[in-house]
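Each structure below appears as structure tokens.
In the two complexes below, chain A is the common chain; its partner is chain B in one and chain C in the other.
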Partner chain A sequence: MAADLAHLSPLLIVCCVGLGILLLDVFADPKQPKTFIGYVAVVGLLVALAATGWLFATGGVLLTQPYFAVALTLDPFALFGFALILVVAILTTLASVHYLPSQRCEWGEYYSLVVFASLGMMVMVAAADLITMFVGLEIMSVAIYVLAGFKRQSPFAIEAAMKYFFLGAFATGFLLYGLAFVYGATGSTNLNVVAEHFAKNDPGLYGIVIVIMMIVAFGFKIAAVPFHMWTPDVYEGSPSPIAGLMAGGVKTAAFLALARVFLTAFGGADFENLAISWREVFYWLAILTMTVGNILAVVQQNVKRMLAYSSISHAGYILIGIVASRSVDGGAVAGSGLFFYLLAYALSSVGAFAVVSMLGKDGEEDITYGNLAGFAYRHGFAALCMVIFMASLAGIPPTAGFLGKYLVFTDALAATHMNLLPLVLVAVVNSMIGVYYYLKVIVFMYMREPRREFETIRSVPMGIAFGLAALVVVVCGSFPDTTIRWSAKAATGNPSADSAISAASVIDVPAPVATTAK
Partner chain B sequence: MSGIPLSWWLTLGTVLFGVGTIGVLTRRNALVVFMSIELMLNAVNLILLAFARQRGDEHGHVLAFFIIAVAAAEAAVGLAIILSVFRHKRSVNLDDVRALKH
Partner chain C sequence: MEQVIFWILAIGTVASSVAVIVPPMGRNPVHGALSLVVAFFFLAGLYVMLVAHLVAVLQVLIYAGAIVVLFLFVIMLLNIQSEDLGHPRPTISKLIGVIAVGFVSIVLIGFILKDKGMAEPPVGLPSDSTFGTVKTVGNLLYTSYIVPFELTSILLLVAVIGAVIMAKRRL
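And now, the complex of A and B:
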């Protein structure tokens, strides 16, 4: 029991930090700036990151108490996700401490909402049960709905919050409908038990309903075309650091949860042979998502909208990693490229949004390309970091984004279960289109004269945030050995699979149908 | 449950879910859209309880409780968001809320 609590420490620490800083805000002097609450949050998240590193070094742990083991699994897969989410949350918080006063929305609960959103994401990636995943998803979503509209005096922010809320709740409905049929078909919502059941029984009609509903629900969360309509509006209207959290954190968590659900629970051969195979659907969704995202990104005038469409197109590339992954022994995720890509993408986009956060002042944000003109002459360091992020998102060496793409494409070409060559060709063409609009940012920053005086936020923590992100992106791209090893470790699968099944059978002993209440 | 077969419950749940979905997609009043989402969630609860009855175990009931609790949390945040939309626009019509454009 005590060992389990120690192993759950990343989650428990994050939860306590969230509650603690909520209280701190209550007792803090209301006239003083809230900056210090942000720093407390950063320290707390760093402690959780250290705990995650400790667990990752031990190679993942098994939870012994059956009630923990059926709900959560702390395999390297989940721990890799924890680390990525915590880093994104730390960078978001650092980018926010001076952004909030500039936007006149400095309220202390901002930081605890960021921490709670991270907690929800962590629960999502560690979930061994669809109920846990659903609860994690909602902890995250409810916090992000509020954060999207945090600048409540701005009609744009409120509109972003409303669009995000309605589409998020709508997607939740689909997720639950699918979940109800998983329960109806198998009598359980534990991913391993579901996988075992479907290994023995034909999923049939229920299988088709489940697959369609789950794809719609996750499609909204990862913003795959045609479920992407909300993304540009929400990213544009939300506070810039929060847009970074959505692009870097929410999407990472949604992708990891998607990978776990589909590869573990629906990874069996029977699901391949359904009238609608989820792998086929994701194949076409990936093509649509990459192409539509890229083409629409080209025509954007607003940098935040461009980044939103770029994040849509990246969802397409990540989907290639999912399609290329293969479930081994009901649980493993083959294809370490997926993890490397998620790391590169998450850090590049959270960094890019941190740089964009500099461009706000006096409650206003106007982030068109024109406003970037001459940016490099005033903020050499920030511009340099932005160049690194753009290069990484475009997939130019020596950044992590290039290697991520390379690894995902090699995974796809090595896949034996499906011919993914056409998918990779489409992705390569799309990467070339992407270079155009990423370069446009660099051209405006370095080669145009500033049109007018514009004010920017000068903030050391913000600089630390994008500086760190840029450093990691370059180091992972130039000396990738360690990161590739970590990604491979995260991809080695689920050490707790067996114990989770046995633990589940302790509790789950399915009641015979004959006992139906009269 | 006795006498009423599972398929009827599933049909009822699915029809309610469909009504909710169509409501979300076609209605322009934010409150009506929100009600439609709640209808979708409750249709799912109905399906879960029907499955739980058929199987004779309590897992579905637990899930339904989770959904009810989460729906309450979502309602709190959602109504707050709708309220602040109303403060800005003096209207909760979704067609009036479109400041963000390409």
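And now, the complex of A and C:
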């Protein structure tokens, strides 16, 4: 029991940090700036990151308490997700501390909502049970709905929050219907039990309904075409650091949860042979998402909208990693490229949005390319970091984005269960289209004279945020050995899925006198 | 006997749900909300037939009791007149909605008629006499589902913070 609590420490620390800074805000002097709350949050998240690192170094742990084990798994897969989410949350917080006062919306609850959102994401990626995953998803979503509309005085922010809320609630409805059908078909919500059941029984019509519902629900969260309509408006109206959290954190969590649910619970051969196989659906969704996202990104004039469409097209590339992955022995995820890509993509987009936050002073709704003109002459370091992020998103070496694409494509070409060559070709063509609009940013920053004076936020923590992100992106791209090793470790999955299944069988007993907890 | 009660409840649920959005009831938001209460009561009856007593009670208490009352308050506070709603006219999105719903219903009904795909769940429900009682559900909440149960408290906290942030006039 005590060991379990130590193993759950990343989650517990994040939870306590969220509650702590909420209280700190209550007792803080309302006239003083709330910057220090952000720093406290960063320190707390760093502690959680250290705990995650310790667990990751031990190679994942098994929870001994059966009621914890049925709900959460702390395998390297989940711990990799924890680390990524925590880093994204830390960078978001750092980018926010001086951004909020400039937007006149500096309320301490912001930081606790960011922390709780990350807690929800962490629960999602660690969930071994669909109910737990659902609660995690809701914690994350509710916090992000509010953060999207945090600049309450701006009509764009209200629009963003409303759109995101209604479509998110709609997607949640689909997810819940899907979960209800899973429970109806198998009598359990535990992923391992569901997988065991579907290994023995033909999913049939239930399988089709479940797959459709789940794909719609996750499609909204990862913003895959045709469920992407909300993305540009929401990213544009949200505070820029929160747009970074959505692009980097929410998408990472949703993709990892999607990978775990589909590869663990619906990874069986019977699901491949359904009239609607989820792998086929994701195959076509990936093509659609990459192409539509890229083409619409080309025509954007607003940088935030461009980044939103670029994040849509990246969802397509990540879907290739999902299609190429294959569950091994019920649970393990093959294809380490997926993890590397998520890392590269999350850090690049968080960093890019952190740089965009600099331009946020008064009138953020309209950050056009023209506003970026001559940016490099006034903010050399920020412009340099932006170049790195754009190169990484475009997939130009020596950045992590290039290597991520390379690894995902090799995974796809090595996949034996499906011929993914056409998919990879579409992806390569799309990457080339992408280079156009990413380079456009660089051209405007370096080669155009500033059209007019515009105010920027000068903030050291913001600089640290995008500086760190750029450093990691370059280091992971140039010296990738360690990161590739970590990704491979994350891809090996649960150290012993069997014991999780035996623990999960506890859940089948609805008897009131279940075993007493020790 | 059970069949008769089921059909009464099922037809009642569908009819009152349709009445929520379809004129003449649906034209007036208050009438719509009230037919929603009726639908919830019929649904509660269906839950009783499924031996889910606790869910049935919660359905009446929370949905019919609390949530619809909240609906009514909001509707009355907004004070929507029928001229504000405008004249209902067919739009392309409504057409798409009708087609989608019709398609899904036909597929589902077809499957049920064809091979009873949905009629019998592959896993038999526990026939235990304690199934669905408050005691059983409570036990499960504090054992197998303790983690999601505790996390729900965080979810509620986040929702409360969010409501205050979004709605409070001065922070």
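Some observations on this one:
The rule we apply is simple: the second predicted complex is superposed on the first by the 502 of 518 C-alpha atoms of A that agree within 3 Å, B and C clash if a C-alpha of one lies under 4 Å from a C-alpha of the other, contacts with A are read in each partner's own complex, and residues count from 1 in each chain.
Please note the rule applied: contacts are C-beta pairs under 8 Å (C-beta built on N, C-alpha and C of every residue); 3 or more make two chains touch, one makes a residue touch a chain.
All values reported here derive from a predicted model rather than from experimental measurement.
In the superposition on chain A, contact is made by A:L205 with chain C only, not with chain B. When the shared chain is aligned, chain B and chain C each come close enough to touch A:V135.
Once the two complexes are laid over each other on the shared chain, residue contacts for A:F170 go to chain B alone; chain C is not touched.
In the superposition on chain A, A:L119 makes contact with chain C only, not with chain B. Of the two partner chains, both chain B and chain C are touched by A:G187.
Applying the stated contact rule after C-alpha superposition, one finds that A:P155 touches chain B and leaves chain C untouched.
When the two complexes are overlaid on their common chain A, residue A:Y145 makes contact with chain B and with chain C alike. When both complexes are aligned on chain A by C-alpha atoms, chain A residues 131, 134-135, 138, 142, 145-146, 149, 152, 161, 184, 187, 510-514, 517 touch chain B in the first and chain C in the second. Per the touch definition, chain C reaches chain A in the complex via residues 111, 117-118, 121-123, 125-126, 128, 130-131, 135-136, 139-140, 143-148, 151-152, 154-155, 157-159, 161-162, 164-166, 171. Contact residues on chain A toward chain B in their complex (touch as defined above): 131, 134-135, 138, 142, 145-146, 149, 152, 155-156, 158-162, 165-166, 169-170, 172-173, 176-177, 179-181, 183-184, 187-189, 232-233, 236-237, 299-300, 305, 510-518. Touching chain A in their complex are the following residues of chain B: 1-2, 10, 13, 17, 20-21, 24, 30, 33-34, 37, 40-41, 43-44, 47-48, 51-57, 59-60, 62-63, 66-67, 70, 73-74, 77-78, 80-82, 84-85, 88-89, 97-100, 102.
For chain A in complex with chain C, the touching residues are 15, 18, 22, 67-68, 70-72, 107, 109, 112-113, 116, 119-120, 123, 129, 131-132, 134-136, 138-139, 142-143, 145-146, 149-150, 152, 161, 184-187, 197, 201, 204-206, 506-507, 510-514, 517.
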